[in-house]
Structure formats: C-alpha cells, structure tokens
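Worksheet for the structure shown next.
The letters A, B, C and D name the chains in turn, as written, and every chain counts its residues from 1.
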Amino acid sequence: MTDPQQLSDFLASEFPQSRCTLLSLGPRSATLKHAVTEADLRPGGTVSGPTLMALADVALYAAILGEIGIVPLAVTTSFSINFMRKPRADRDLIGECQLMKVGRSLAVGEVSLYSEGESEPVAHAVGTYAIPPQR
Amino acid sequence: MTDPQQLSDFLASEFPQSRCTLLSLGPRSATLKHAVTEADLRPGGTVSGPTLMALADVALYAAILGEIGIVPLAVTTSFSINFMRKPRADRDLIGECQLMKVGRSLAVGEVSLYSEGESEPVAHAVGTYAIPPQR
Amino acid sequence: MTDPQQLSDFLASEFPQSRCTLLSLGPRSATLKHAVTEADLRPGGTVSGPTLMALADVALYAAILGEIGIVPLAVTTSFSINFMRKPRADRDLIGECQLMKVGRSLAVGEVSLYSEGESEPVAHAVGTYAIPPQR
Amino acid sequence: MTDPQQLSDFLASEFPQSRCTLLSLGPRSATLKHAVTEADLRPGGTVSGPTLMALADVALYAAILGEIGIVPLAVTTSFSINFMRKPRADRDLIGECQLMKVGRSLAVGEVSLYSEGESEPVAHAVGTYAIPPQR
C-alpha cells in the first residue's frame, strides 16, 4: 500500500493551491480535511457547492492512489453529489472516502462530507475514476 | 425576465473570486465563460475536474436566476457530471446551460462544457436547484 | 416506526407484479430481496440493469416509508446508479438501503446491491424522494 | 451504420419481454417507444420510475449499437435520471437518445423521455456504457 507521507507530499505538489490535507489512509479508504476560508463561503453563511465537490474529488483520488500507488494519470470519468444539509461556515470540512471497487481500468468510491465535529453528513458523493492501463 | 447586466453584477458581487463571466442569457438558458489560469491546470496539461464542476454550477445558477429573478437563496440539491474529453489547457471554458424544468420549488437543468472554439463537449452536467418558497 | 408486516402488505398491494420482498426494516434502513427469474436475465448470463434499478428504487421507497409511515405519494425525484460487478444469474438479488437524510420535504438514501451470498456489491445507487407536504 | 431493421430484430430477440420498439435511428441518436400497460402504472395514475429507467437504458443501448454495430456485450456502467413531471397513464412513452461521446471503450449519452404528444419531458437520463475491446 502507498505510504501516507508520500501521498501527502504528492498531493501537495500536484495541487499547490489546495487547502486539503490527508488525515488518514486505510484499506480502500482515505479521510481528508479542507480548511474552510472566506473564499469558500457563500452569502447566507455557508460553504459553496464547488468547495464540497473539490474536496470529494480529491478524497476519491487519494483513496485510489492509496490502493494502486501514485499514478498521476488517473482521471475522473463521472461524479455525482447530493447536498443534504447546510455546512457550517465556521468549521473545516471532512471528507471520508470508501472505495467500492478498484478494478483494472475503473475505480468507484463514495465520499461522505461533514462539517468537522458534526455527526450528520452535509453531502454525499459518488465518483468513478479511469485508471491508466500501463502501470 | 432578469436583466443580463443586473445578473452579471450580482454574480460578480456574490462570487468575487470567480473568473466566470456571463456571455448571454436566453429563455431558460445561459452561457458563461471561465477564464482558465495556471491555478486550474493539472499535471498533463489539462483543466481540473473541480474547475469544470464550478463553471457548470454557476451556469445553472445563472440560468435559474435568469428565469425566476435574482433570488440569492436558491441552493444546489444534486449535481452530476460526466467527463468526456480532455479540456485544452490553452483555451478558456464555455458552459452552455439549458433548463429542462423551472417549477415552484425545484429547477432542473443541463450544462454542456466546451474548450472555447471546439465543437465536441469536454463534459456534461445535470443539476437540480431548490428554489426558496417565499418569493 | 412503521410495522414491517404492514409495509410488506402495502408493497405487495402497490406493486403486485414485483418479485421484491422485505427482509428487514431498521432505523433509517431496509433490506429487500428480489427473486431473479428468466425474465431478468440478459444474454451472457447476467441480470439486467433495469432489474437492479427497480430493486434499488423499491428499497429506497421501503426505507422511507419505514421512517415516515405509509405515505403512498412519495415520488422519486432523482436516481443514480453505478454498476460495478456482473451479477450472478443463479442467485437472487439483495438490496440494502441506508437513508442519509429524512427531511420534511426530501429524503436521500443509498442502496448497495448484492448477488445473494456474495460480499462485494454488484451495484450502488443513490436516490432522492420528494415527500408530500400534507402528512 | 447499423441497419434499423436488423437492430429492431436484435432488440426484440435480446429483450423478448420488452414493450419497446425502435421508431428511428440517426447519427449518434435513436428514438424508441414504450407501450404503457397496466403493469407499468402506479397508484395515483402515473407510470413507475423503473419503467422510465428501462426505456432510457434501452434507448442508450440502441443508439450505441446504431453507431458501433450490433455488439451484444456493451454494458451500462453508470446511469442517472431526474424525474421532472408526472407521466400520463394513458399515453405511451417516447425516449429520444442523443450520444455525446462514442469512444473506443466508453460511450456517453442522454435521453429525454416524453409522454407521447407532450412537449415537455417527464424525465431526463444520462448513461455511460462500456464497449468491449475486441470488436
């Protein structure tokens, strides 16, 4: 399995603007945190949809690289998300990804997104990644 | 129908960090452009998935506000996207939204995303927005 | 909470052609079985996609009625599914639904679908239901 | 391009229980009709969600086979649908599929579903199909 520190370093170099950090890496799973800032907020005091989507996408990517090794050319092929509760403006976001399939050419996973410290998810995403053949 | 200039001003004030501009507003439709910069790029010379998602989300929002007036509390409830072709790193992105339903409480629309000047879409999104009851 | 036997009877009367039976009902959850027959099979010896979709849809409906009581007018508003493994032609299908939100007007849940006796899901669905206001 | 009569015959033999017929086949597109019967109806006088999903799935399959030839092993990998209006119980359903991508290994298309004779769609689906490599 991929070394968590190596994956953290890779994510930091590949996404220099990102405010996502890897909290933990497990079997077919990864947990990330996104540090919420003013730039993520929408009027009404909530976190924007695209901020949640970006965290879910990185969480899927991290969990997949955790399984298959650091293969920078894996790409998202489909992504869907349901928004369920208003995220808190004053909390960071946590994304917990669990992969449901890691095949030769396709990986599928789900991500539950939380305002840190809350028990009910603010959103739930499912994404599929294409894995490059030559690895 | 909503005045395009008013909507442009509203989007600029509500999303000050956004690099999306409204190109046109029509019946149940809106076209937006996102100015691609270094921050949007991924290794391999392509535009990141979350950049495409953010443009699609704003295009849906713009088309809905074009129909129902400037109601800042409309929120995304679900969003799905399929990535079909690699976007060009050296082109801006165009998002063309067409609404399929504008009901009292829910609006549904689709967005085709293009690298500017190309004829085949790089991605296609469908989103639903909840419309606040008291308007 | 809804009585499981009442819910079984209701599902049998509302879906007389269905071969789905309720196995169990829990807090925000329901498990159903679909008896696979010739009519569900596709060439190549697998179960058809629409058969899986129908089971997932009924599992969501059952879990929601388990929470809110037997409200026949709840309707699906969106549904998405990822197919991950080939279902076995010689096994029944199991659908395990877990609700992620049961709000006043909207419920959201996920369903994992299995060939009976297998540990890895053949498909995973997420659906949203609109709940009628006057209950 | 695939011959429409051959495709009709193939669909009839592969889906003997189906009540879908191919109305027309065009470039990257197909239109199908589903004959609505009692078995498709839900209490409240509407057509069931799974009936709509099954028509959309077959419409995607038909449009893809129209492009790539009759390759029986193409399989759905993901499918999403939004339900927008109540279908009429006394009308057949029409599914109009337009493909957005037909690649070597993946095809992506959208389907608008109508109650026959109505101008506004009752539902809209997007699906992806994996195309077998050896053809």
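Note that a contact is a pair of C-beta atoms (placed from the backbone, for glycine too) under 8 Å apart; a residue touches a chain by one contact, two chains touch by 3 or more.
Given the structure is predicted, the values throughout are model-derived calculations rather than measurements.
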{"item": "Given subunit A and subunit B, the chains that contact each of them", "value": "C, D"}
{"item": "Selected pair, greater C-beta contact count between B-C and C-D", "value": "C-D"}
{"item": "Interface copy of A-B among C-D, A-D or B-D, judged by whether over half of the contact pairs recur", "value": "C-D"}
{"item": "Gap in Å, rounded to a whole number, between the CA centres of subunit C and subunit B", "value": "33"}
{"item": "Geometric centre distance via CA averages, subunit C-subunit A, whole Å", "value": "27"}
{"item": "Distance from subunit D to subunit C - Cα centre to Cα centre, in angstrom", "value": "22"}
{"item": "Touching two or more other chains - residues of subunit B", "value": "77-78, 80, 82, 128"}
{"item": "Complex interface listing, subunit D residues touching subunit A", "value": "77-78, 80, 105-106, 128"}
{"item": "Subunit C partner contacts - residues on subunit D that touch it in the complex", "value": "14, 17, 39, 42-44, 49-50, 53-54, 57, 72-73, 75-83"}
{"item": "Interface residues, subunit A side, partner subunit C - complex", "value": "78, 80, 82, 84-85, 100-101, 103, 108, 110, 112, 120-121, 124, 126, 128"}
